[in-house]
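Here come two complexes built around chain A, the first alongside chain B, the second alongside chain C.
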Partner chain A sequence: MNSEGRNEILFKVLMNGVAPLVAILIAFGIGGIVITFLGTNPVQFFSKMVEINLGSLRGVSQMIYRATPYFFTAMALSFAFKAGLFNIGAEGQMFIGGLSLAWVGFTFKFLPFPILFILCLAAGFLGGALWGAIPGYLKVKRGAHEVITTIMMNFIAIAMVQYLVQNHFMNPEWGIPHTPTVAKGAYSPSLGKIFPWFPAHTRANVMFLVAIILAVLTIILLQKTKLGYEIRATGLNPNSAEYAGIDISKRTVMTMAISGGFAGMATANFILGPGSHYFLKSEYGGIGFSGIAVGLLGRNNPLGIILAAMLFGFLENGGLGVQLFFPNVPRQIVEIMQAIILIILVIVLELSRKFIKRLQKRG
Partner chain B sequence: MAEDSKQGKDSLIRMEGISKRFPGVLANDSVDFSVEQGEIHALVGENGAGKTTLMKILYGLYSRDKGKIYFEDEPVKIEDPKAANRLGIGMVHQHFMLVPPLSVVDNITLGREIADYGVLDREKAKESIQDLASSIGFDIDPEARIEELSVGARQRIEILKVLFREAEVLILDEPTAVLTPQEVESLYKILDNLQEQGKTIIFITHKLNEVMDIADRVTVMRDGEDVGTKEVRDTSKNELANMMVGREVLLRVEKQEVEPGEELLRAENLSVAGEEGALVDDVSFTIREGEILGVAGVQGNGQTELIESLTGIEGFSDGTVEIRDTDYTEANGKELREAGMGHIPEDRLDRGLITDFTVTENLVLGYHTFERYSSRVFLKPKAMESYAENAVKEFDIKTPSTGTLVESLSGGNQQKLIVARELSQKPELLIAAQPTRGIDVGAIEFVHKRLMEEKAKGKGILLVSSELDEIMSLSDRIAVMYEGEFTAIFDAEETTKEELGIYMTGSKRQEKEKVHRKALGNLSNRE
Partner chain C sequence: MDWILEILTISTFLATIRMAVPIALAALGGLFSESTGVINIALEGIILMGAFTGTIITNITGSPLLGILMAVVAGIGMGLIHAVASVTFKANHIISGVALNLFATGTTFFLALVLTGGSQIAVSESLPRLWSISPVIYLTIAIFFASGFFLYRTRLGLRLRATGEHMAAVDSVGISVIKMRYMGVLISGALAGLGGGYLAIEQANFFTKGMSAGRGFIGLASMIFGKWTPWGAAGAASLFGFAQALQFRISIPFIPDEFIQMLPYLITILVLVGAVGRATPPAEDGNHFLKEG
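Let's turn to the complex of A and B:
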């Protein structure tokens, strides 16, 4: 019995701690080799990256700014996962939520801060939630698998958002299709305005705090509330959940809605935070899909996801900055490394699982 | 160790001083085990006694830490199943290793295809499989796909698979766990035929009836040690049970005479429609305080549907259910629980538990919405925890802590957990479906005792079971369910297992009107 407890702990440490770290290290190793072949010293390259991100609070701020949206799309994946659902539709939910929150922001211009800001977030959540609830409903009523429907819903969302922006919200004189700007009342204040020690006029903003608050709220929801208990029960064993009198159809739709809601808030960081203050579709492409990787790397744990999102922010921000110093290394090296992390992670997780099984069998 | 029977003939297989340690558990502790040519040898013990471990060592699936294996008195190394196959040892696992979309012939020949110059000769394969099948006495369509076959048929395919590999020694790991009583009968016939052909059979089980029915000799294991080998004709179920558990065990609980009180549950004309005819067909019954109504029947005759509808998981297509004169026909599980109906589901893993939840979380499953354990929004962890600690103590659930995942408990302890959960809420009425399926003797005794205590407290119990012994020893009245109907009803003392068996197979039925009235309690047994 005791050894089972020990094995369980070992398993958790392996799966949640060691595996992601190993994956990250190997990714940096392979990235380093590629960089060496490109004629650049990888140690110099990576130290420059560290310097850009962590060398100053300004760098840290940039990194946080890049990391924040990943947190939301990764939470979308992980939350659904807790209920046994695969929400691959964060991308579409993010676009619908993004346009919804921008619309509230540029329509109800008369509302003051923070009312408009909060309304915008609510609109983003609701937009994403609606887009997530539809596949949930289709699954419950028609048995349509959510992986298929959420993927399909992505295409619909992308095309719909494009259409709406170009034909309804855009001033044809602007070169690129984007919405009007949101009112000041909707702005998400820079972190520098809240923490005096943080450099002013940098881009990390309140959405990062919203992310942390959401992570904590999610943990409380899942672990401490009746609803969370039912969501987890439904995910782990729908038959037993049904036996327990849980309305699993209702819980499925609700879980997909909350999941979509998280994704719907992802672009608030860009639209409401310091920057252009309008919805610009081309700027957000891929954040929903990368959320899948971040969610996996964070092992579907809200705090793990914050760390994983920071790593992706680190790579992205570092990749942008390091170009100036090493022009012969293409920026895409960062994307390659993100992909390697994911592939290696899956392999290491599988190996850990086998290792534990061997321990249990062979003794 | 010093068993007389071992000295007699030369043994075919002898395992000496086998030890195997898993992290923290000594699964086999210098076990001696020997099998004679041509016998059916039962290997019994409670869950976790080390039976399967020992056989997996013999079959080369596990390595041993210590000990020797002799085959025909020659020391052998069995490093993997292939080596075991070469010695003519084959194993039929508890969980079948078949490819469902493939045909019988493809499954059996898989890995040992009959071919000419690389081209499969399916006709020849089919022929040899059919010969093999008829030699042990069953018919088989070699082109049938596995997914179309019943569980019993699949098991026979597994046996054929082993025979096809020219096994002389067959190890069967709890082969009856998944079978209906008829399928068990036909398995016995097959084993008899195999024995006649001179094959040697090792039969792992924890059901003592089976040992008495089929085996020549029996070896009992407890806590990783062998506690002795007996000739079956020289032993008894009681002796074996005591050896298994290590103390005196009551195989039959003392039936408590309780004067039945008020009517608790009244079910009239219940039906559940299926795609091809009714699954439950016009079933009526009542349950009174202090009464156990047993429902006997071969699995798959509508018991599952009756229970699931009665407990609010599915709906009835017709009929009414009243609990203490209040209508509950349309009630859902939550409302029924609030009305005092407890439910021990027939499938503990698929219905009764969430194995990735902790002991505490499972102990409130279904009752998590009760005010005791949650407010409007939040769970009440303190209340849950203190209740869980009490329940673990009171019901003797063996677990390292209340925070342990239920997945790592033994089957018997998982079942005790469900019983603990359902009885802790002090139900007036308990629906107990297969309450002792797949658990060991000690746990069965415990569950039976608790059910009797509930009855003595004046609770009403509907007991659905395919174990006739269980039905006979607990029930006051016994209904037989066949093809969705109650085809007979008896007072427990006026019937026998044999008689129930006849009704269970549908070869006899009582007059419908009489069953109906008697089940509703309108006809006393003296009429």
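Let's turn to the complex of A and C:
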């Protein structure tokens, strides 16, 4: 094998394998040190987490339940990345999509399963897509950078959703602002109902299967279709893409819409899946922003993102469960670890890039 | 029509100033960072870190002055992480900022629980008032005058701004782009940290999880609305501070609170799309300094 081919393989291993692993290990290391300072044995702490998540099928199911929404917000980031766009508006797109799908679920009560369920998903996608398409449109028409507009759109969405829920959808007697509950036809069945070997009445639900299907569909879209080729070409080099006759403006708006659509479905796991069955804004805060970390950790690859989402689900579910055994360690330790993973990851990725460049120069 | 009269009172004016201070400091922080070409969306997290550190130090030492100082130091610390990641290691500025915001949210909540067992901590003491106003407000006004002078009238200020406009030119005359960017980001951290310290020690008299509540991003919005100038940023921050003051004091008929909440963000988008005058960010915003050879 020539040195160029060898370098390329080395590059892929470094970027997609070594870098994420190093970031995860360092995060666990720092987490372990903090836990030690609090007088708890980190090995016991983390093994309890493993036991909670992986010790039983029920644990696995809880982990999947926590992981599922991250998949959608991470896909929002990564899909936009393919076209060279930076969508950090998943948080807002998630809220708009979530309220949209809840609205369909509690308004068209007469529709049976799975029609209402599918309509809810479509509404979530469309709500998020609309919220994502606006920054895309403003970018191509007025040159407004999508990073700033998506940040601003997040806060507009949060205020808007709060206004709508409190003034239009909520019964004042409820106390906590939430929407009415969605009809049975919109419920996302528990995985236990589909796979007989899965424990019954667990919270992991069909939305996890939807995530996997979407991951596969996205790979096919990007690799096997003309649209996917055009999106990737726009991301790789907008100038030559335009020269090749690709309508970049159209692709930009469309990419942002699909990206937002992914985020728009993130809360379906909570609203349609087993649980309260209504839209409760305070439950979902941060899933959009953490999706950025999950997307990068999954190296913007749909299958990688499923793995990365699982890790975040592992940390979150583990953090919730481990509190019972080590009450002196607040579960927010996992939030710190998630942030450390992200910051170490970007640094290690840049170091890997530099390392490979040096190798190439040497020949 | 009472609500119109209420708007015109001196207490509404003072409330506006109080609300505007943390936003203005964050805006000026964003300005210093972006004037060297480094985008800093970690302002939100830096405010939070400053608020937490200020609260803890004030309660431990009994000195709100030390609390404010350590809030600034905490801000510089956060700025340092941002600079190491985005300047030295050339990580994407936005991602580094997102990571720092997540880090600050998790860390302050975690430490609050570890240290006090709750997510809200009362501040034991505030700075003595000068003519019934927090001295930090006077300090902020002084900082704005000093920054205006520094950025536009001194050699170092010119070099900072030149770094944001044309890195290669700055490098070609032998000035270290890296040093300039570190300076911009560290000043940025110090200012947002001060804003956080003020927010907890002087304004709210407590720390609570997530208390920055978007102020860092409203600061960013003020910077853009103010067209990347200190006085523009101060004006925009005052406008948004006024909106916040109204929201807490009076209920204006026909306009829901949530609409006032979204105003800064809406205006920023309008500014960016050129509906309310054009705003141009520094040319090198978000770029990495890659020296050839």
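One rule holds in what follows: the second predicted complex is superposed on the first by the 360 of 363 C-alpha atoms of A that agree within 3 Å, B and C clash if a C-alpha of one lies under 4 Å from a C-alpha of the other, contacts with A are read in each partner's own complex, and residues count from 1 in each chain.
To be clear about the criterion, contacts are C-beta pairs under 8 Å (C-beta built on N, C-alpha and C of every residue); 3 or more make two chains touch, one makes a residue touch a chain.
On a predicted model such as this, the values are computed, not experimentally measured, just so you know.
S.K.: See if chain A has more residues touched by chain B or by chain C, and give me that chain.
M.R.: C
S.K.: Please work out whether A:S240 is in contact with chain B alone, chain C alone, both, or neither, and reply first, second, both or neither.
M.R.: In the superposition, A:S240 touches chain B alone.
S.K.: Figure out whether A:L307 sits in contact with chain B (first) or chain C (second), or with both, or with neither.
M.R.: After superposing on A, A:L307 lies clear of both chain B and chain C.
S.K.: Touch check for A:T225: first (chain B), second (chain C), both, or neither?
M.R.: First partner only.
S.K.: Between chain B (first) and chain C (second), which, if any, makes contact with A:L209: first, second, both or neither?
M.R.: A:L209 contacts neither chain B nor chain C.
S.K.: Regarding the shared-chain residue A:L320, is it in contact with chain B (first), chain C (second), both, or neither?
M.R.: Neither partner.
S.K.: Can A:L296 be said to touch chain B (first), chain C (second), both, or neither?
M.R.: second
S.K.: Once the two structures are superposed, pull the chain A residues common to the chain B and chain C interfaces.
M.R.: No residue of chain A touches both chain B and chain C.
S.K.: Could you pull out which chain A residues touch chain C in their complex?
M.R.: Per the stated touch rule, the residues are 38, 86, 88, 138, 141-145, 147-149, 151-153, 155-156, 159-160, 162-163, 167, 286, 289-290, 292-293, 296, 330, 332-336, 338-340, 342-343, 346-347, 349-351.
S.K.: Touching chain A in the complex: which residues of chain C?
M.R.: 39, 41, 81, 85, 89-92, 94-96, 98-103, 105-107, 109-110, 113-114, 214, 217, 220-221, 224, 256, 258-259, 261-262, 264-266, 268-269, 272-274, 281
S.K.: Touching residues of chain B toward chain A in the complex: what are they?
M.R.: On the chain B side, the touching residues are 20-25, 62-63, 65, 311-313, 332-334, 337, 343, 345, 350-357, 361, 365-366, 368-369, 374, 376-379, 381, 398-400, 404-405, 408.
S.K.: Which stretch or stretches of chain A touch chain B in the complex?
M.R.: 1-8, 224-227, 229-230, 232-233, 236-237, 239-245, 359-363
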